[in-house]
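Here come two complexes built around chain A, the first alongside chain B, the second alongside chain C.
And now, the complex of A and B:
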């Protein structure tokens, strides 16, 4: 064995899988989106899916719902996660283990399990109505159903982001705060001048992850509300699943997949442009 | 000092109700799994466990073969974790330890996929694995042919004058294969591997885990390189250095990665839903998901299913918090 071949041998098993199940599918997805897959064998017809997507009201509904969750749930969750991380990092906190467990426990809960629980909690006869003294049918109201999805997502993912932000907090050098203390900076000033700027890369990372996660939201709306009532909680993920795997139209589903991919790329680029440059 | 006391009090007054609210869904999941339907939907909501856990489990087992699904989940998740650890640590080691042609390009390619949504690949993956697995064979043959052409071109490089146009040769071969080779091979190979409803259908695509490669690379980079060099000078083979020296040193990190890999496989829903239709092959989340939304099901039973898929990890989390958290923060904050 020549020494030059060694690194390739270490890489080979992974690269074969990577090429087959990631590199090639990314390309194939694009190729499929240009094909009419409702005939057999599929024929090359770039207009059929991309033309349809422009005129498809249900697609725009799904896009609107997804972006709605994106602009409401993601900032809400990241703000809450930052507050939690600060609180959990505080010297004044007692019973730290209990609080960490309470907020981090959802990290191990699967989407199917918690979707089932939230579906029960927000049932007309469920615990939420009982606690609030309401008789509101959350899952059959367009706004109510969206609220349930947002609450469920926030419950599941806030602790996850708080873990990452907490790790970021602990990486900030203590000397910075000591110097600020000597200069007479208030805690509030320290937060805005030291903590937040130092957390920028970490928050950016959480933001990118959350956006990609939201763009491909599927399990929660599928199991809690089944995309309904009507199309009120149909996300791009749910719509893609319906088109691809219920209507078996891979070409159209691939076009939707590429819209999701392009959105993810655009958001990532915007974030890099706006926040990426380090001072 | 007095000010600190009031600040601390305010902190706890803010955090305690929030923490209880956060624990409520988990507690109610436990409670509901031990009550009959009528109690779950009655007011006031039961807040303490009842005695119907076994009855609910029997209902769940009758609605869907849940114990078998749990077994499938254990098998799929363990096998996946094991294989993924091997693949990602081998690849991560190569990226951390060696200089070789194409390293920068390959590594950026692997890392770039971290920001690509899973949906971008799910349909072709499904076509590969489930719908017409012959595509898989077509790709293998194609990769062989393409690899052969590439080797031929690499050999031709030694003849002077051609090397400048080498990239053009690769490009032509790749494009020809993509636009002509793949469709033609797809047509020519008209049999089906029938990978659906096998463990492999679930495991194989997920093995392309770039976060794992990145994580293992970071850990191998942090090893003292002089130690590995010394072993090489003593004449140990590269594989031996990897297995006997490098791997044992990163075992704690691998434990963190293993937890995250196992958990992600355990909780995965969409992909197993697509490739597992046979009731006896379904994983626990797919079996559970098939019940939610049906009109005639035992909700107590579904809660038992939720508890059985969640509780072991909650208990593990209590003891292995450090490893869970290490796994979660692996991608982001290290720089």
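And now, the complex of A and C:
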């Protein structure tokens, strides 16, 4: 045996599993997207799904909702997370360990449990209406339902991102701040000139993860609003699930999955282009 | 659910009687049953009776919720039959997608002993159409869902509304306004799941002889006149401010809180009201749904289910015994009617003396006579394998129409018909 083969031999178990459980399904779903899977057995019909996707109003609704969440929720959450991380990093804060745990905790809570809680909170007779003195039917109003989804997502993921950003903050050399102090820079200037530029790779990491997460978003809209009312909170993930597992149209679901993948790829490339350079 | 109209005649003329089921202490094993809400409880209520005949079969009923049973069933079939129970509940409307896409996922009940074909004459013929493909019988008919109005006697009389005078939807809207006025707008006369479901549209469309598809399942008919009237009525009800908007859970909460004086649903909802609000016993009553125009049809159907046995079941014999006990014996069906209000489609059970009895919870009204009395007038409607796709489109179109995004109901339904046609490949009927 050639000595060069040894590392590949060690990698073999992984490669086999990768081929079986990753590469093959990815290829198979590509093939499925060219088949009419609504007849038994499925037949080859390249236009049936890819042609439908262009004309499908429900698909465009889902795409629009997903992009809406992307544009509103992700920046909101990352801004909040950055502020939270700065607060958690502050020397003035007592019991920092407790707060770090508290803000990270939502990620650990079961999605079904927290979705049920949000449904109760935003019920017409729920705590939110009681606190605000409203009689608003959040989950049955298109805008209201979207607000609930965005609030829920922000509640769940802000702490998670804050912890990652906090790690980034702690990697910024103290000397930079000391030098800035000596030069008479205000805390505000320090934030804009030192903290934020140093955080760029960490923020980029959070941004890419959040965008990919949003493109796949399923849990919250499915459990809290079931994609409704109408299609008001139907995301690409929910629509894919509906087509795949409610209508059992795997061909069409596969086509949607490939659109999501392409979008994720494009967004990631754009961000790396725009923000990926070293400052 | 289709051709319920046949049932009236079938009820009158059928000579078929449910066969007594032979017990068998030698039959052993454990079976799991998937179902939802009161349907699950009703099946559970049948276990003691079943165990008297089959003492060594252990039955476990899992209440997964309606949507989850459907979703997990399809996922299981798509995965080649894994993770499925021994007995599977399926709504008639949704049944065809299983047989069309996964013809081998469920047992052909004719291959079991005794063959399912021996049960054919025990049920009205229309109940079998969505459950059979050629000579194969995939499921046994369970209940049907004739639509009625469940109403609060005390609130109606407080507002001076006599339910016997509510004959049309116009009458109903007027009654809703009076009840609102009498209760300082605290009490509404219905809960419509606008944006989450289109049940009201389906019930009203069915009443008007219209549905998503024609009865052959070959064309989209959702933009035909009966459906247009139905959608217009739904909007009028919402615009009048006499209904709440909410889903299944919100409706039960409203019933408990006494903020809704009427619920329109398939008659199986009887058990839901009775088991969720036992403290309101005696305060409820039943009357037939209002018609779209004076003298029009006052009947429709919503829901109605069947039981199937997945091909992956390891205990088919025990599962089959349970299905036959629960559905094909009068004892099994009357247990479910008595405790949870599931309206039997077993012909012998609809003639059971229990059906004639006054019901204490319902102010001693003979409600099952009212319910079964509508069966003869229910127009046919068929779900086809595209039911869920059509429903998703219709839910959105209804919400948009109610929100004023279409000039009129016809335009909304034309858009729905076009989308359904595009999604299913079926032509729009002329």
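One rule holds for everything that comes next: the second predicted complex is superposed on the first by the 265 of 279 C-alpha atoms of A that agree within 3 Å, B and C clash if a C-alpha of one lies under 4 Å from a C-alpha of the other, contacts with A are read in each partner's own complex, and residues count from 1 in each chain.
Everything that follows uses one rule, which is that a contact is a pair of C-beta atoms (placed from the backbone, for glycine too) under 8 Å apart; a residue touches a chain by one contact, two chains touch by 3 or more.
The model shown is predicted, which means the values in this text are computed figures rather than measured ones.
Participant: Does chain B (first) or chain C (second) touch A:245, or do both, or does neither?
Facilitator: both
Participant: Report for A:229: first if it touches chain B alone, second if chain C alone, otherwise both or neither.
Facilitator: In the superposition, A:229 contacts chain C only.
Participant: First (chain B), second (chain C), both or neither: which does A:190 touch?
Facilitator: Neither chain B nor chain C is touched by A:190.
Participant: Kindly classify A:215 by the partners it touches after superposition: chain B alone (first), chain C alone (second), both, or neither?
Facilitator: After superposing on A, A:215 lies in contact with chain B but is clear of chain C.
Participant: Can A:154 be said to touch chain B (first), chain C (second), both, or neither?
Facilitator: In the superposed model, A:154 contacts neither chain B nor chain C.
Participant: After the superposition on A, what does A:114 contact: first (chain B), second (chain C), both or neither?
Facilitator: first
Participant: With both complexes superposed on chain A, which partner does A:89 reach: first (chain B), second (chain C), both or neither?
Facilitator: So A:89 meets neither chain B nor chain C here.
Participant: Considering only touches as defined above, state whether A:40 meets chain B (first), chain C (second), both or neither.
Facilitator: It touches chain C, and chain B stays clear.
Participant: Once the structures are superposed on A, label A:52 by its partner contacts, choosing first (chain B), second (chain C), both or neither.
Facilitator: After superposition on chain A, A:52 lies in contact with chain C alone.
Participant: Give me the intersection of chain A's contacts with chain B and its contacts with chain C, in residue numbers.
Facilitator: 123, 125, 226, 245, 250
Participant: For chain B, which residues are in contact with chain A within the complex?
Facilitator: Going by the criterion above, the answer is residues 4, 7-8, 11-12, 14-15, 19-20, 22-26, 28-29, 32, 40-45, 86-88, 90-91, 93-95, 97-100, 103, 106, 109-110, 113, 115-128, 136, 139, 143, 178, 187, 204-205, 207-208, 210, 213, 238, 242, 263, 266-267, 269-270, 274, 285, 288-289, 292-293, 299, 302-303, 305-306, 309-310, 313-314, 316-318, 321, 324-325, 328-329, 331-333, 335.
Participant: Along chain C, where are the residues that touch chain A in the complex?
Facilitator: Checking each residue of chain C against chain A gives 70-71, 74-75, 77-78, 97, 100-103, 194-196, 245-246, 250, 253, 385-386, 388-389, 392-393, 395-396, 398-400, 403, 419, 422-423, 425.
Participant: Under the stated contact criterion, what part of chain A meets chain C in this complex?
Facilitator: Going through chain A, the ones touching chain C are 38, 40, 52, 55-58, 61, 123-125, 137, 140, 142, 226, 228-232, 242, 245-248, 250.
Participant: Mind pulling up the chain A residues that touch chain B in the complex?
Facilitator: Going through chain A, the ones touching chain B are 4, 6-8, 10-11, 13-15, 17-29, 31-32, 41, 87, 90, 92-94, 98-121, 123, 125-127, 130-131, 155, 159-160, 163-164, 167-168, 171, 201-202, 205-206, 208-209, 212, 215-216, 218-219, 223, 226, 236-237, 240-241, 244-245, 250, 253-254, 256-258, 260-261, 264-265, 268.
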